[in-house]
Amino acid sequence: MTTMAPDTGAQDTAGYEAVFDAAVAAEERIEPRDWMPDAYRATLVRQIAQHAHSEIIGMQPEANWITRAPSLRRKAILMAKVQDEAGHGLYLYSAAETLGTGRDELLDKLHSGRQKYSSIFNYPTLTWADVGAIGWLVDGAAITNQVPLCRCSYGPYARAMVRICKEESFHQRQGYELLLALSRGTEAQHAMAQDAVNRWWWPSLMMFGPPDAESSHSAQSMAWKIKRHSNDELRQRFVDICVPQAASLGLTLPDPDLRWNEERGQHDFGAIDWTEFQEVLRGNGPCNDQRIGQRRRAHEEGAWVREAAAAYAAKHGKATA
Amino acid sequence: MKSVPVTDTPAPAAEPRPATAALALGDDALVLSHRLGEWAGHAPVLEEEVALANIALDLLGQARTLLSLAGDEDELAYLREERAFRNTQLVEQPNGDFAHTIARQLYFSTYQHLLYGQLAAAEGPFAPLAGKAVKEVAYHRDHAEHWTLRLGDGTEESHARMQRGLDALWRYTGELFEPVEELPVDWSALREGWLSAVTAVVERATLTLPSGPQNGAWTAGAGRQGIHTEPFGRMLAEMQHLHRSHPGASW
Amino acid sequence: MTNADWPLWEVFVRSRRGLAHTHAGSLHAPDAEMALRNARDLYTRRSEGVSIWVVPSTAVTASSPDEKDPFFEPAADKPYRHPTFYEIPEGVRHL
């Protein structure tokens, strides 16, 4: 719905803010036409847009294998998964639009590099096993991040996330099953699976963002209940979940320092290479240019199609705006 | 997912498999699904990513059912050589621009809708599959018709592109009506129904029905005889490479 | 709106017969026919619906949060509209 914040005189803002704070504190949801602090709106737009962009860009590394999927069953699964990602992008752009920011504006910002997407998609999918590793590790990390977002204080975002989490439950499982088939397959297949896990493990841990001490947006987002857990907390949870899953797969996680810490009741793990993270973020990942290039090209090459449909609607009195 | 390969001796009382027809219809669905899958990540608008994937998934589902009637779906998809595929040349044509893809969709889904309508109404091994698929295909046809109207009667550019797509693919449409063994289909009625449906959409879209020949001049035949066009070999190379690199492996 | 920008539509889905259409989200489409089709692909690809409405977002008139009190509070103090308001002796059934 096209919604704008109501006009409020400066003298009213304090009153509105109190109502907003009370609603957030009481675990009520904020809805599009409610008053909200400008910074809350801006944070949400930034986060939802980045999330939507990640879904759309995230289609590319997996779509890279649709035409080469080694069985028809796997091909159907992969196509359905990549399709879901387009769908999830659309749910999220739709949530962002309730904050008064149109999809075209957000896509412009993505295409011109002013808004980001998850850095994980700047890594290439080199073998078929990478499709499995993305499902197990990348989607696994994403789900760890996303489940708490189902309780996010902003209603449309929370509702989109409920839908997305429900639909994504198959994404991680298919990845795990794919890797399991490889791990238990021929020697070459097993090696392919191990190689993929070796390459995707560390980037997956980086998906939770910088360490809490260096995370610029975290504290305010937690106070607004956009975010529920800290980066490090979620990362630790993910590591603890993955260790036994890797053992069942018969694959090793590429971290010599990974071991159970009896005292903490959690796993210790090695230091993350944050230089690589920062570099990939800055544009020096193996696929940054390629991913944005393809997205921009698809958009530009599709312009005549979008124009044609709009022209047809105008000609035939079907347009609404 | 494994069924007995077609080369094995069938069990004594087993009904003969309608292999020729299953391969013809199955390969059409398999190959077109593959081509539509190539659009993933490249569609002109995000909503269309979802729509094209839906169509590709429907077709892949049909292909799997049909190929399983003829043997093991994966052996048939991944281990046959180009000359053993029985799909029409129309479905293997590269995507081109969006108008080219829509022209291919219009020609093929109109044909498939009418064909499956007949198969669903007739007795025979394909009736159950066709009964389910005809609903899916009705939607594919609707999608193609709506886009043909919008591109044909949209802008000058889209009109020109859509006309080019229709013209370029016209020469592959004659093969669609070549009778396929074992299929209880009235082929001349199918051809007439197809021609009047396509003509109506094309005219509404302010486009011109192509007037050239609907078949190539080469007497060796076309897709149903295992004679394909050059891009098809490369498509298969891509599709089959991984599967063939690991003989006997399970996925 | 530039030529290529498609308007926004609100999508309402009836998940099964007997239930009302519920707001599912929004999408872009050049016209109502395409909006319906896009909605079918996007919001019912897991058989979530038996019927869909699409409404141009610009056609929705919403109550403003400013009116929250006059609009909704009068209803809040009419508990007699809710069945739980009434005490019924134990054992009385079918009420």
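Read from first to last, the chains carry the letters A, B and C; within each, the first residue is number 1.
Rule of thumb we're sticking to: a contact is a pair of C-beta atoms (placed from the backbone, for glycine too) under 8 Å apart; a residue touches a chain by one contact, two chains touch by 3 or more.
For each chain, UniProt lists the protein as follows: A = Phenylacetate-CoA oxygenase subunit PaaA; B = Phenylacetic acid degradation protein; C = Phenylacetate-CoA oxygenase subunit PaaB.
All values reported here derive from a predicted model rather than from experimental measurement.
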*Comparison of A-B and B-C (more C-beta pairs in contact)*: A-B
*Chain whose mean Cα position lies farthest from subunit A*: B
*Where the centres are mean C-alpha positions, what is the separation of subunit A from subunit C, in Å?*
27
*Return the distance between the CA-based centres of subunit B and subunit C, expressed in whole Å.*
39
*Take the average of all CA coordinates in subunit A, do the same for subunit B, and state the distance between these two points in whole angstrom.*
35
*Residues of subunit B that touch two or more other chains: which are they?*
45, 47, 50, 54, 150
_By the touch rule stated above, which residues of subunit C touch at least two different other chains?_
6, 27-28, 30, 33-34, 42, 45
*What are the residue numbers in subunit A that touch two or more other chains?*
83, 87, 90, 303, 306-307, 309-312, 316
_Considering only the defined contacts, which subunit C positions touch subunit B in the complex?_
6, 27-30, 33-34, 37-38, 41-42, 45
*Could you please specify the touching residues of subunit A with respect to subunit C in the complex?*
1-3, 6, 33-35, 83, 87, 90-91, 94-95, 97-98, 102-104, 160, 167, 303, 306-307, 309-313, 316, 318-321
*How about subunit B: which of its residues touch subunit A in the complex?*
1, 30, 34, 37-38, 40-50, 53-54, 56-57, 60-61, 63-64, 67, 73-74, 77-78, 97-98, 149-151, 153-155, 157-158, 161, 238-239, 241-243, 246, 248-251
*Okay, in this complex, where on subunit A does subunit B touch?*
56, 59-60, 63, 66-76, 79-80, 82-83, 86-87, 89-90, 93, 128, 178, 181-182, 185-186, 188-189, 294, 297-298, 301-312, 315-316
*asked:* List the residues on subunit B that touch subunit C in their complex, please.
replied: 45, 47, 50-51, 54, 142-143, 146, 150
